[in-house]
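Each chain gets a letter, A, B and C, in the order it is written, and its residues are counted from 1.
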Amino acid sequence: MMKSLTEHLTFNVKSRRGYLNITPMVEELVKKSGVREGLCLVNAMHITSSVYINDDEQGLLQDFDDWLEKLAPHEPVSRYRHNNGEDNADAHLKRQVMGREVVVAVTGRRLDLGPWEQVFYGEFDGLRPKRVLVKIIGD
Amino acid sequence: MMKSLTEHLTFNVKSRRGYLNITPMVEELVKKSGVREGLCLVNAMHITSSVYINDDEQGLLQDFDDWLEKLAPHEPVSRYRHNNGEDNADAHLKRQVMGREVVVAVTGRRLDLGPWEQVFYGEFDGLRPKRVLVKIIGD
Amino acid sequence: MMKSLTEHLTFNVKSRRGYLNITPMVEELVKKSGVREGLCLVNAMHITSSVYINDDEQGLLQDFDDWLEKLAPHEPVSRYRHNNGEDNADAHLKRQVMGREVVVAVTGRRLDLGPWEQVFYGEFDGLRPKRVLVKIIGD
């Protein structure tokens, strides 16, 4: 018999951009699901944010932010055709570099992560509540 | 008992690059699968195209196209070592930025998408038929 | 009854960067799993490497390497805040472009890949053993 769990997490980042380590919240949901062996999908439900896996190190988070701003600058907002009454085109682009989702193995009722792997929510157009979906399936 | 459905979609984009909203076709396959709770994988089967999720907004599609062309220009084709009798090296690079696949939760017999999430086929080397795989598993 | 298989592969690339075609090893694990219809997750367990799908063509592998080095240069190492006693910030960035993982359909006991799709391990901070996780679920 397959088991599944579906949960939504809401984040309200108090700045335009921010990076939150959400690993403990996802781990908690894996426990709650009762799934022993399976897959855990974690995805942004908004198209100006990312869920990705990388290091929880302050210098690196700043490096990511600088690098993304160089690859897809926020300003001048007029450089993007999407910014016709909006100003978040750069956020749609930044999110493609970092990705929408991660799929993590569930093994022995736990997230099967490498020693430094941490699940992050990356916000590129914040200052409002936004959702992340966690779906766990397996047995 | 686990259910599964495997289907291939074929697209023939009439230009080198193009962006097609394929959400209704994927949604239809979810219905057809009979899966109530599970996961839906949608991936390009060619290595010069992407399946990704973002906004269906014409200005943004043009922004993506301009941005990808800046990150990995098509010309001069001689700048790439791959282009030895070929001219699509840029398409292989662009596809890495946009991604090969998306995994979407299936909840209550429907794609569990955020309000603006749309599934797109991104073509970077068109003018010929190319395939996308949809695989749905669950119960 | 759902089946699952969890295996770790270890790679020790003898240079800072390298690209290994690991498709036959993953295919072998699909056979071993006994899964007929399902999903196969292949992910780097380290945050300075990638698993991605693209072409096994030497010119293109060199194009990827040049392009990634241009998008996120290794030197000067001092340009990155993460490089405080470390020198691998560029590897964390390069891995985001190429991605952490792939999810591949398993159909009829085989990886359901397009004609040119090959599963690659991308190393951006090598010279030491690093692991890749393969998780297969289905029935």
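Everything below uses one rule, namely that contacts are C-beta pairs under 8 Å (C-beta built on N, C-alpha and C of every residue); 3 or more make two chains touch, one makes a residue touch a chain.
Since this is a predicted model, take the numbers as computed values, not measurements.
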On C-alpha atoms alone, could you tell me the rotation angle mapping chain A onto chain C? Nearest 5 degrees is fine. 120
Determine whether chain B and chain C, two copies of the same sequence, contact each other through the same residue numbers or different ones, counting it as same when over half of the numbers at the interface appear on both sides. different
Calculate how many whole Å lie between the centre of chain B and the centre of chain C, each centre taken as the average of the chain's C-alpha atoms. 20
Residue numbers in chain C touching 2 or more other chains? 2, 39, 71, 97, 99, 103, 137
Touch list for chain A against partner chain B, complex: 1-2, 4, 6, 39, 41, 43-47, 71-72, 80-84, 89, 92-93, 95-97, 99-101, 103, 131, 133, 135, 137
Show which residues of chain A lie in contact with chain C when the two form their complex. 2, 37-39, 52-55, 57-60, 62-64, 67, 71, 97-99, 102-105, 107, 112-117, 137-139
